[in-house]
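Both of the next two complexes hold chain A, though its partner changes from chain B to chain C.
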Partner chain A sequence: MASITETIRNEVKETVYSFFADECEVDIAQINDNTSIINDLDGDSLMFLELIEIFKKKYNLDIELKVIGKYAVKHPVATIGQLIEMQLLIIEHENRLLDLEQ
Partner chain B sequence: MSDNRYAFIFPAFTSDYTDHPGRDIPGFDVRFNEFLIKAAGYTDPELAAFHFLENSFLDHELRTQYITFSYSCALSLLLRKAQLYPAITAGYSMGIYAALFDAGSVSFETGLELIKLAYQSLHASLNNPFGMGTLIGLNERDIQQIIEQASLRIEITNQNASHSFVVSGYRDDMQRLMELAKEEGALHSRSLSVTIPYHSRYLEEGAMNFAGRISDLEISAPQTHVISLIDQISLTTPEIIRTELVRNLFHPLNWYATMEVMRAQYVTQFIECGPSQALAKNARFVDGIRFFPLSAMLP
Partner chain C sequence: MSKEVVITGMSLITSLGLSMEENWENIVAGKSGVRYINMFDASGLTTKIAAQLPPEFEELSRKYIKKRAASQMTRVTRMCLTAAKMAVADSGIDFEKVDPTRCSVIMGVVNTGNSSVEKDTTPQNTVFKTMTNSMPAWISLEYQLMGPNFAVNTACASSAYAIAFGYDMIKNGLADIVIAGGADSIINFEEIQGFNALYAISVANDPPEQASKPFSMDRDGFVIGEGAGVIIMESKEHALARNAGIHAEISGYALTSEGYNIMAPRKDGEGMAHTIELAIKNAGIRKDEVGYINAHGTSTELNDRYETMAIKRVFGDQAYRIPVSSSKSMLGHTIGAAGAIEAIITAMSLKTGILPPTINYHQPDPDLDLDYIPNASRTAAIRVALSNSFGFGGHNATLVLKKFQD
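Moving on, here comes the complex of A and B:
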């Protein structure tokens, strides 16, 4: 279990913003925490999956995708800010993410 | 043949023409309309009324295949005109007909005939509602386990990436699979708007009928290296191609493995020759492969 430092929080935010600016071909200045991933950026689940893979490599995470999927069913992500919060939880709890439900 | 490392990839069909790449390519409209008019005269007069936004026939399974084939053939000619030649060509699913056109194995008319005969043979052999779907986020073992535990009449019929799969089977069971997959942790599940369970064993009878009907069609040896999505062999002779055309209908594909094989042969630069960029999106999960936008290749 990793503790989320200010450095990690900033890295995650920066990575998510840059990723969507690049993938969706929009100016990064147009993205904020309230930006809707689907409605404003035309994002999709493959992008979500790719982002998870990026963080898995970057932080050497031990987490199965289906654990994230089960968590996401109960905690759907709609905005960039919500996505960042979920990524931080994934980094912090890895395969124990579902323990948060208990 | 060029010594470049490009792979030309021909998709099956699209579900959206909103950002189709041809609109930015000089000369595309003329070529595409020539093929479309020819296809309308040869197969279905309604095709002449096609319009990308206002009359796209996206809910018509067969017309969509004719249109995608015409679209891909137009791009193939433009790529050749620009002196671009592939090291390898691949046809994704029903994109095999356009890949064979690009390789010089079949004429445009023969490609249309193959599409028509495949659709007719398969459709006539089915007496239950069937469908297809996509699942993202589970691995093959997880999906197989759900299918077996719930006794679903569904098969995994393609792998697009390590956690991205296509499934085919009975429509009633498809809906159930989508629900169970969500419960199991799939990040995304979606039924596709097709009525034929492509690449599944349910099509074996139809495929055998198709085999008998294509025996007289003219098929030549390809001028470029065409790869099978079933077992990644090279389709080098008319006999091998005929066999591939038949088994392509009822055997599972593995697009992920095909990309890996191409990469192992140092083919890392892909061009998706169709109306969408869906395959390019999937390729983000294969390290070392890069899809080039058509507008960059055909400025």
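Moving on, here comes the complex of A and C:
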């Protein structure tokens, strides 16, 4: 369980923006927190999983996909900003993510 | 009431070109697309030749498919989607102006080509690259089509089957538009090794261009090719209502099973003859109307012998007056894509009045004595043509195409 510093927040945001710019072949300047992953970027749900893998390695996270799945069902992600917030919660709470529901 | 079925869009991606125009020009010129394999090190294989796509395919594919989607596709799936988008462009259809629930996609898919030649496969995209339904799925995703969407596998007859099913959907009023065809490549070390073990493919490596010689005395097996062929089928009334250009009409087909052997055709072409005979009956045409046959013509000992016997059995003395040619002499055998590619070549023959040749026909086999359009294309005003496809496992298909006349 990590506390989210400004450095981590910036790293996550930068990684997410760069990932979508590269994968979706769009100028990074066109992406903001309100950008819709599906409608604006033509992205897909698999990208969410790929980002989780990236952050799992980067921050050595102990998180099971089924935990994220259960959380995501109740907190669907549609925009870049929502995705960043979700990734930060995953980094912060890891396998205790569902405790936030209680 | 049954509807008439027409072809309003076509595209070819083969070893002889990356556009319809380039392909047709090279096919009419009787060129060969067979070369030494350079996609991987083939030095350990008995067969070292194949009809590979030009390397410019990668650049072409990038124009039609975004990087993200491309990373979830094999090279073969990219061939399929690229060809589909080119065929749609040729048809002039704007899918925003048609009912998406009345648009169907049917692709002949033997495999997706997720073999040792595929690079950059990750655990995340392995499933998508392997799914045999991925080709029609990507096409329907591209245009957000909501009619039936599926793949059919009947080996070398797969994409002919796809066209036949699409024909039925339109004829019976179940769809207004069907995108049908196929893409395939088995140019990889393991499958060539397998076909070598079956003694099914040519080992005449030098020179590569002369290896595929259907109906010729010195034929020694088929040459592996790769590519894609996609057609857009519509009901005639739907096509005319939007002032579409019409390439040809499809007037019937027959699909049969040999029930005989996993590899060899039924003796003396009995199953092939049954298929051709049934296709003519189903299409409601007279035998004397048939002006050209695009043969399966693999360049194997048995196929070419039995296909010749089948044509003679069906047409009797008339068989000697029907021009027959094998596109595989130029393009190699494109397996799951062959039925569609050859149906498109047949449609072009009807449209242009040019019959493509059987190249490398230099040593006539005394037992195979039909008019194989040897080595050079010719002009002929034909009205009806057949396209044969016969697959391993005994999957037979004959499509009947007609010249479109207003």
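What we mean here is this: the second predicted complex is superposed on the first by the 102 of 102 C-alpha atoms of A that agree within 3 Å, B and C clash if a C-alpha of one lies under 4 Å from a C-alpha of the other, contacts with A are read in each partner's own complex, and residues count from 1 in each chain.
Rule of thumb we're sticking to: a contact is a pair of C-beta atoms (placed from the backbone, for glycine too) under 8 Å apart; a residue touches a chain by one contact, two chains touch by 3 or more.
Note that the structure is a prediction, hence the values are computed from the model and not measured.
Using the contact criterion defined above for the overlaid structures, shared-chain residue A:24 touches chain C, although it does not reach chain B. In the superposed pair of complexes, A:69 makes contact with chain B only, with no contact to chain C.
In the superposition on chain A, contact of A:14 is made with neither chain B nor chain C. With both structures placed on the common chain, the touch criterion links A:43 to chain C but leaves chain B unconnected. For chain A, the partner with contacts to more residues, out of chain B and chain C, is B.
Note: residues 44, 46, 49-50 of chain A belong to the chain B contact set and to the chain C contact set alike, using the contact criterion stated above. Chain C contributes residues 66-68, 71-72, 124-125 to its touches with chain A in the complex.
Contacts from chain A toward chain B in the complex involve residues 44-46, 48-50, 53, 64-70, 72-73. Residues 136-139, 142, 163-164, 182-188, 281-282, 284-285 of chain B touch chain A in their complex. Across the complex, chain C is touched by residues 23-25, 42-44, 46-47, 49-50 of chain A.
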